[in-house]
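Next up: some structures, all given as structure tokens.
Consider the two complexes below, in which chain A is the common component and chain B and chain C are the respective partners.
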Partner chain A sequence: MTDHSMSTDRSSMPPKAQSRPWRRLRNIAAFFQGNLSASIGGGLMALVIVACLIGPWFTAHAPDERVARPHVEPNAEHLLGTTRQGRDVFSQLLHGGRASLSVAFIAGAISTVISILVGISAGYFGGRIDQWLNFAMNVVLVFPQLPLLIVLAAFLGQVGPVVIALLIGITSWPWGARVVRSQTMAIRQKEFILSAECMGENRLRIVLVEILPNLISIVAGSFVGVVMYALINEAGLEFLGLGDPTIVTWGTMLYWAQSSAALYTGGWWEMIVPAVTIALVGGAMALINMSIDQVSNPKLKTGPHIKRWRKLNRLIQAKRQGGTS
Partner chain B sequence: MRYITSRFLFYFVAFLIAISFNFLLPRIMPGDPVDALFAGAAGQLDPSQMDAIRAMYGFSDGPMWLQYLQYVKSVFTGDLGPSVLMYPTDVTTVLGFTFPWTLFLIGLGVSTAIILGLILGTIAAYKRGNWFASLFPPMAAVLSSMPAVVTALLVFYIFGLKLQWFPMSYAADPSLEPGWSAEYVGSVAHHAVLPLLVIVLVSLAQWVMTMRNAMINVLGEDIITMAEAKGLSQTRIMLRYASRNAVLPVVTSVAMGLGFAVAGQIFIEIVFNYPGVGNTLLKAINARDYPLVQALLLLIVAFVLIGNFIADLTYLWLDPRLRK
Partner chain C sequence: MTVTTEANTPIVSARELSKDFTLGGSMLERTTMRALNAVSFDLFPGQALAIVGESGSGKSTGARILSQVHEATSGEVTFRGQPMHELIAQGGKRGFASHVQMIFQDPFGSLNPVHRIFYQIARPLQLHGKIRGKTALRERVLELLETVGLTPAAETADKFPYELSGGQRQRVAIARALAVEPDVILADEPISMLDVSIRLGILNLMLDLKDQHGIAFMYITHDIATARYFAERTAVMYVGHMVEWGNSDAVTQNPQHPYTQLLLAAVPQPGSQNSRDMSQYQHKADIPMWQPESTGCPFAERCLHASPQCSTQLPKVTQVAEDHFVRCYLYE
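What follows is the complex of A and B.
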């Protein structure tokens, strides 16, 4: 709401209007500052993204070519060893990360757009529209997603990363939509919406300018959630052999490791490297997600605040007891 | 009563939607599923048998709505025709000998995880403020984000392959005669340890966090202050006032939890080669046994819907406000 009032009076307050992007940056910095889990998660995520973006240009070996004997142990030449097919695992990890992270982010974007559209429509318009959309949400929520994805992928036959991103994006929106809906319903009751309605602002403007900015933290949380979920499920689908095994991703790395029995034949690095990477990236995103959750729901916050409160409480108790005795 | 009826109707409609999805899937997909189906069975079946199967799966020449009604009827009568993968065994029979294993693992695993989660979540909510409690939420977040595939593979590698403490494949020693003999039951238990461990590891953190958050919310409410003011004992407050209210959001999240558990179960069964629904699903997909694939999907959906309905009944039992 403050953003809105400021943008209308921009001429009267030029310095503040100029500093807006900086304020945004400072807000983001404040989110990470002093929040250890957010910093660890964000740092790890940034590291992985940068490595997968620029890393593939610097790798010495092609990810999909035989460059050495099968199952060479990790050494200076092949940092993470080679696969059963004699391919370089380190190079596969960086190249595969590009594909896997792209799928995750595309799926997250698709799902977030759908969840905003559905959630705001249901929450703002209410009535019949809300009933139908809510019903659709509940039905999709109650269906087990992964078996559904597996069967869809099976009918489509060895699907590529783009199709996987589409499938996950289309099936994973209800979680986000549900929180967006309930938050929209809460915001709808606030006075500034009523005043905007009384001023005769059109509905699209109310939704985009008045409501949407207040949903940012919730939308960000559900975006990170879906990206995490998509990364894990993409790997899962490809591990089962439902993806296109010729494209190098973290999921197909698992698939090849499983189908060449890497664990049994002693080439543990072929399996453990992608598995641990997926777990680490998932964990990093879980930390970011949790921190966003704590910011938007301060009740869940523990740590220093609770400690300070306890200390105060103890002091008061001690004083009281001192007073009575 | 109205609550139960409306919930039941919702699940019934959801199941009908699943059936319709199943019906439409082979008909809207590119390529002819009937051809794909019979390509998998080539050499095993002669043309007259193929026509019989074609009719049995509802790929008759009648109008769409008639095919649809036939399909719905065949689902509810359990007459789903023979499986291609295990021809000439009926699809329903295949479900009959795979489903009990899945039900056994998932039932035991999820209930263990929920009970442990409730206990640990309560403790975590009460012990806020010390170093463990402030470390706990990020730990739980990271643990619950561990993909089931990864956890299953790691457990398989460490406890199965490296330490060789537990068997890595099958639900029981194949050389034993199935039955209620002590030896067979012991073998089943021995084989179930690692899969169960994975189920609990994958889902425990989520239950602990749900319970902890719910508990924190309840502990801030007036009823707790009131109970403390009345001088009730801490255990009584914890069990009869706080837990009873805090457990409600946990029951609600069973819906999502079951979906995740089923997803995890598929990977667990494949990694440990366990003869359940998930393992059979992948085998059916690889054999292009679409009737079996669809039947398994319906079975999984029905299982999750029934689980949700049971959760709703539990909710009703815990929350007297709904009993009208």
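What follows is the complex of A and C.
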């Protein structure tokens, strides 16, 4: 009996070891398959991130040097034209993307970590701890965010991207924390948590291994949400002149375009390029967020099922008409 | 001789267990509900005690005190003659958990959906230090899966809970409880959420574990037929009180307490078409909420034989047969 089980065990182990990464890949593929918003959003994001990561090595011009006459129209030499100061917009876009996206992702990471810590602790431990953490959440929630950021940024003087990332990160966690808290409270009632407690599992492991994996889709959704929000707010702060204008980001590009009256003087590309890019990336992230929502909440999922149903319905209608005529 | 004494000493005994829950939000309208009132029972190795009663009768509360989910308000539990709180103080919660394990009612809620079956069973093995080394761990997990009848074990181990049926999940839950090598298993309505066709398989599996591994079972159910099938002894509970207990055959075939008689009469009989008139067994009255200041027999309002003393003082325990006890004035 045991011999037999051992032999089946050995023979089954190698294919299992191979199949795991494949299964992961298939899961990722399944997320995008038939999900148009996920595919568009994911594709766009991937394109932008890759372009900003490797693009700057291939650009012909430095982003912060005068390389041509002011406001040269887009041409083969300067793909997206030049700014009032004669800087290459295309190379600014790629270099600035690095800074802007890093700020967005760093802010997203900070905010997500805080919201997980606060949300799970409040939801799992309950009682006094929940009361205090809930109080902290409410306090941060009632501050109007953008005005608070403006005041903080103005107080600190022309802040660099890292400080902006920190500021956004530590002011935008309560939304995520709220959702994580309520989901944790729901999961905490499940019997598998009770059974882990009966097993004598330690509390940290219950939180990290039993509860957290069940929250992944919610955490991912709130992460993408904060990234999107941080990208737009960073651009907003810098557009208002509260950031450091010597560092090239999408926000400072807008700031310079505005302060040099690019639209009035006919250099529309200087303004339109960063604006459209920010809108596109924000939109892509909203699409990803929507599709994560659909995965974590199947009620929102329509896509292929509705399409299939419509197809079937059309077929039935056609048959019915064919039968009567 | 040693074998008989071993079998005759209880592994767990609960004495006069009571548990109060506070209800209500504000300080002023706070009420206390007594979910368990002076309940005593013994669990013997290789034997099962069935706890029968309707919802809210305190069946699960007793099990949850033994599994350290709740703490008893008063009363004492001893494990192998040693008080439970002393054991927990010595070996920690985990130490006591290695003796007493629980199987839950809902097999869909009791397995974490994000972990593979392998992890669900391997974790208690690691946690309680039952096994060292990766290959030994995997072998033991597969062995446990085979014990509970989940073959091919290697394939099952790599599945996620959602890939299994309710009955298979309940078998995984049993394997997980077994992994700790407990002396006592508390089964909280283990078959009530399962398809009728699967129930017998799970019951027989638990019977095997009871007989072959000498595990003491506390089998909580509202199904008297399975209680008699599975358990040597049966206790009937009503509103936090044990009203009648003893040998399963005696309790179910020769019920003494009016509540037990009512409970047995309510079991649907195959073949009989008309719904039977229950008024010959009871007065219609609400099921009371027991509070620490409540007095008398909890069944007094519904009882046909109630006398004035029934609502003033809780009847004492009367022995009606060799292994058959009842709490009722009719037999004092």
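Brief remarks follow.
The definition used in the following text is that the second predicted complex is superposed on the first by the 284 of 325 C-alpha atoms of A that agree within 3 Å, B and C clash if a C-alpha of one lies under 4 Å from a C-alpha of the other, contacts with A are read in each partner's own complex, and residues count from 1 in each chain.
Throughout what follows, a residue touches a chain if its C-beta (ideal position, glycine included) is under 8 Å from a C-beta of that chain, and two chains touch if they have at least 3 such contacts.
Just so you know, these numbers come straight off a predicted model, no measurement behind them.
Between chain B and chain C, the partner in contact with more residues of chain A is B. After overlaying the two complexes on the shared chain, residue contacts for A:141 are found with chain B alone; chain C is out of touch.
Once the two complexes are laid over each other on the shared chain, residue contacts for A:285 go to chain B alone; chain C is not touched. Look at A:194: by the touch rule set out above, it reaches chain C but stays clear of chain B.
Residue contacts after overlaying the shared chain place A:154 against chain B, while chain C stays out of touching range.
When the shared chain is aligned, no partner comes close enough to touch A:93: not chain B, not chain C.
After overlaying the two complexes on the shared chain, residue contacts for A:210 are found with chain C alone; chain B is out of touch.
Note for the complex: chain B touches chain A at residues 10-11, 13-14, 17-18, 25-26, 29-30, 33, 128-129, 133-134, 137-138, 141-142, 144-150, 153-154, 156-157, 161, 213, 216-217, 220, 255-256, 258-259, 262-263, 266-267, 270, 281-282, 285-286, 290, 293-294, 296-297, 300-301, 304-305, 308. Contact residues of chain A toward chain C in the complex are 1-2, 5-6, 8-9, 12, 16, 190-192, 194-201, 210, 213-214. On chain C, the positions that touch chain A within their shared complex are 67-69, 92-98, 101-102, 104-106, 109-115, 123-124, 127-128, 138-139, 142-143, 146, 152-155, 158, 173, 176, 180. On the side of chain A, the complex with chain B involves touching residues 36-37, 138-139, 141-148, 150-152, 154-156, 175, 228, 232-233, 235-236, 239-242, 254, 263-264, 268, 271-272, 275-276, 278-279, 282-283, 285-287, 289-290, 294, 299-300, 302-303, 306-307, 310.
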